[in-house]
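Chain IDs A, B, C, D, E, F, G and H follow the sequence of writing; residue 1 opens each chain.
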């Protein structure tokens, strides 16, 4: 098994952390995993993304050109990764930040209004967790509970009180995506 | 200057490129003042700038002059190389405090000691902006940076270097002053100093440097406006503004 | 110890601490500054020495000084900073004191950029400093390997009184992977018979790299070389993948090597008999292992993130017996597996000749308008 | 006295740092929260009358984003900081 | 011009002046200080620029600055000083400006000594600075050759916008030989389209080695490599002696090469079919010429004043087809012709195998109590 | 000290090796004074010296202490490395003016700024002795050397650097004085200063340096005795003797 | 006053630089032209009476070549420069 | 034709200049020549020597281990080069500075009291020219006149007035050596 995931968005959207939580969950369930940020002069603002590779063997390239799975938290990321996605891949799109439909027909674009859902939960910042939750619908190797455990184990202590809301975000994201999948003609 | 009621506009010596500096970073102010002086002195077309390694590494994108980009700290040596073969050109370096006062200490002291007819614009922002806010030789005692996480401990991490004071001990220095960029008045004084520094050069009166107290809102973790207050309240007491060396010949200059 | 998710640079720093690092001297430079930043907190906490030096020149000479006392000491930097250390490294080598250096390589030459690259291979293994001197160079491809090799670096440096350098690139430095940290080693200052730590109750000692009389210097050179032969005999390390029946052998170190692994797997899935040879010690280079593999190979494909540096060493091992081909990405560009897969497929099907310089064909492919992985028409542009 | 002036803030350059705002002696500048520059900043603008064309905002602006005008009473040659 | 007796170092300095040197920046170091001293008098006399820099680091960056303006500029130094220039050299290469550097090599590593040596071959030809960059390296063996190559250096540097380095050793620097100086070239500042000399009546220009976007850096790397291919095609230079029917081919550059000439003559006198191949451009290395000679050769003997550096390049050219043997003296020891003659005789009579690393056998001979040219028992000593 | 009527003998901290210095070169005097101070302070067995590249490159042969040999100019960095891991040892560098004031400017300024507890013995002999008498940063204006064949022209070759004055501007410096070795009285004062510098170190009071005006009869082309006169008549006016920085804590030291 | 002293100049160290000669307040030192040290120098020696054991010669000697003695009047502890 | 010569003595004895004059003479008569000093830390005093190689073809090694011809101006040089001399070689020995006979029987040691002869001429410093003159008896490729011309062409102008004495020194050295050769059992 090997699964490559790219999570992309603006600098402040918690892109890197979302990837890390995923990586923790993968590690804690005994898988090999790599997490790698895009770094460079852009670091100081602008877009950010990270690539997570999960596998049950030694991982080769930590970078992928055409991921089978990606999250686009904003429009530039949607543009970029819709194009890059592997055929038949799944793209979780933050519907709150994009104003267009998917162009490619050979991929699954799952639209989730992450910002709105996060705001409903009461913490705008959890938008990233909503997206991650949604992504799990396309990543059966990781369960929601794995992510919850990972959050519990690795969230800095000063943020521990936010755990319940994080869980909720994951679940709401998952649930929403589930519904979207149902719409997808399989 | 086409509109008769124009009071202030972007200097001509600037290119159209927006800078890559963080919002509110006074690197931008320093750039603008240099550009204004180049305009006033009408030397843009015979000026060669030397960009440092530091946040100002892309300075060459912003001035409408020839430009080269030096290795970290070596701008004064590169500038020396240029000026020695083109003595009638105006050559300036633009350097940060990591660049000039840490890795480039040997080069700046010797360019100054040799009395090279160069102008140095020295941006003292008390940290290494470009690499993410590490301690600089000019970091204030007790100031937290990513490499002095508990605040600069002078016992183990050394004392701030007062560059203007130090370089002023050298006979090759014609003009050496410290100014600040934290408010309109000081910005005006800074510009005058930059003008004097370039005048020193074009008259062949020796090495000239203007040290400018500058902000780094991003790495200081402050808003731009609070950063200016920090300069006023903390930097100036540690780095007193003033004229550290103005040779007699330079005192005669009227501009 | 259980596995933790470690970021490469921080893992390196912590591994060094656990290996008994007593002093770090360095200067910030992307993409390795986290090593310095981590240690700026960690070492003082443990009462050990941390100095942010005035420059890399200062740093390497502080390392040199501390190394003379026999403690475990290191610096880290990235390409331009490492270039500034060349004189110091040559002195350290000539003085035969153990020192450890990490180079998280970036795109070059010159200021270049901060993206992952492997352009400093020559500098590291052929010696960018003046004079003849051997040095051990380790090239990790993962965070765990970086940790393990970091610890090994100190052991090897001490054992052979030799510079041990770890070269990696920013992608390993910035990557997070699950990894196991070694236990914290207690610091016991070894009483090396050469260390200049104060002549209390013993004859005084001198450490220097000066041998003003050429025959003495020659003896030193030969002593260093003899010791190097020992290193070559004992310390060669590499990793093999799918080599049993491989007819095409890909050779790559560090990140290029692990990217190649993905390509090799894919090629295997397509039925191509290909394997991967990943040197871990690039100096001593695994000449013998490659020499032996030449027997079974139909062709080698060297892949690097530079314009062909380790390539020389592979060619020295293969000695023209079978073709050696090259595929590189440079200047901070990291190859994707499909590019290497293309190369494997090409070699698998197209007839290839053993040319003396495989860079030529590669350069043609890179700059040709159609086959190039570069953006349209860019190959020819200034 | 009470000369009438006005400023133009360039969308290309303004990064919404608020330095001009705190420096304006007439307190007539604010960020325009309704607008986003191409680079994603809320730019500065004058939100009420009272600008004297004193150019202080231009002097402090790190991005040379401000052009300052003053009502003609006589023909001025531009002054710079 | 009539021949004059010139001391190598001074001849180099005067030749540079005649080639149109407009600025020299350097720092004293034995055994090349005469170059600096000579120019400290000569250049000001001509109204040209001379600066004794604060250090070699300062010097190379002054060279860098002046080079950006398009004038002919140089520095000179010796081994440790050249090591300090590695960052600067990498920047110059990355900026693609022409610069000339002379390295009068001495015994190393470290402070070593000031006697003649060739231990900086790797540093010069493989690049001691970070990143991938080609550079031209010329290796004169006589005063006349030093003069001629000095002039050539400026031409090549300009033509290819590339660092041109001349490597020699103190014996050439200190030697006097009859030599002819070229005529004084008039200085005409060429209007290079890249030079940053003030944007009067033209668009402004930028010179930098930064390519923050990796694909741009990659294109730069490939452009440099393409230009290097041109250099490889056009600029290879070497000298052949007695090669027509030679079965044993000695390869040596600089002083080692000319010492070998004496040995080869002696061996010829003894009826041994031996010839000498002396590379003059060690970078670009004459791979092709050696490749072709491999056809006629029974064995190669590489002789260097180091522990075997150019040896790699010879092996890359020979590709294992015939044995390559090595004989080196290091650390400032200059071989005498009889030592090389011994080696030729040994190769001529004893059966030899093509081993992958000829250094091994050499090291054994050097450290063996009987055969070693070292003082009694010294081989084993610390 | 076995003979009761002994007044003066070779210091114990010296080895038996005769020095390689030219006859009459005051490098020897400086060595002897350091050895005497080590004797007096009884620290020979916990002292580590750092030799420079320069005529004193073989200094390690003459002192009965551990010694290392630094690359040209880098002695302060090496010393920092040693002192940081062995803070209870006495660490000193011995450096010439080429070594310290030219190539090693960055290292000395920063060791001083960091307030490293090191002692620096700085030999100012106005030229590069070892390499045959080239111009040093301290060469006097007009002085002929092999690289200033027409006499140092300050316009093109720069002005002398007054190192003690310059370093004294740094807060990390505890003790910084200039002395001369040209006559018995001054030699005695020099020794006192060296003692104070080492005392500064062992008490942890920061960076200490003694600049010593010294001769180079060989390259100056003078007899040893005339060289001493040259120091008195030409060097001292250019490099005034005196205490440039003595921190308050150090002023309290009684020896 | 007029204490009686004497000096010993070491052959191993003395390089005949004459500094002690010019420094000796009693002018009792000269180079011994009749002698050559192993290194080839004419060493210093006292050529007449009058040495007071003042040790000035030793203080100025760059080669620590001179040992100074003084006639015992009371037991001295050695003084150093 | 190729001839290798080493000239050795103390620092002040004009060893290097003697070699240079020889090199000039060789060059001016159309031969190839190399002159190389021993350099090194010893430069600053002590012994000095230079090697001159004269040939009518491209010269290989400028250094020789066992020269066929050498001048020893002092005892240490005599010791060293008597040993190193090639069998049947000629060693010109400055008799004024040595107090022993030659040890080897397979070489020609020609003793010339250079200092005394020079003093007779009236310039102690010309001792080196006396020795060079003597050496010419074993170097037929170079004539005394060649050396005289070389001196005239290359002696710094301020020393030109010394030319006659230089010539005399050469001749006296030559003549003395000639007589010594006559004693040698051939």
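By definition in this document, a residue touches a chain if its C-beta (ideal position, glycine included) is under 8 Å from a C-beta of that chain, and two chains touch if they have at least 3 such contacts.
Note that the structure is a prediction, hence the values are computed from the model and not measured.
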Leaving out chain A, the still-touching groups: one piece
Chains most often in contact, by C-beta pairs: C-E
Separation of mean Cα positions, chain D and chain C [Å, integer]: 54
Mean-CA-position distance for chain F and chain E (Å): 38
Between chain A and chain B, centroid-to-centroid distance (C-alpha), Å: 44
Centre-to-centre distance between chain C and chain A (centres being mean Cα positions), rounded to whole Å: 34
Residues within chain F bordering two or more other chains: 22, 57, 69, 71, 102-103, 105-106, 109-110, 114, 137, 157
Residues of chain E whose C-beta touches two or more other chains: 51, 54-55, 57, 80, 87, 91, 95, 110-111, 113, 115, 208-210, 212
Per-residue multi-chain contacts in chain G, two or more chains: none
Partner chain E, residues of chain C touching it in the complex: 57, 79-80, 82-84, 86-87, 90-95, 105, 107-113, 115, 117, 119-120, 122-123, 126-133, 208-223, 225-226, 229, 287-288, 291, 306-307, 309, 312, 315-317, 319-321, 329-333, 356-357, 359-360, 363, 366-367, 374-375, 378-379, 381-382
Contact set on chain H toward chain E in their complex: 20, 23-24, 27, 32-37, 39-41, 58-65, 154
Interfacial residue positions of chain E with respect to chain H in the complex: 3, 5, 31, 113-115, 170-171, 174-178, 255, 258-265, 334, 336-338
Parts of chain G lying in touch with chain F, wherever the complex brings them together: 5, 10, 12-13, 15-19, 21-23, 39, 41, 53, 55-56, 58-64, 66-72, 75-81
Chain B - residues contacting chain C, complex: 53, 57, 69, 71-73, 98, 102-103, 105, 128, 131-132, 134-135, 137, 146-150, 156-157
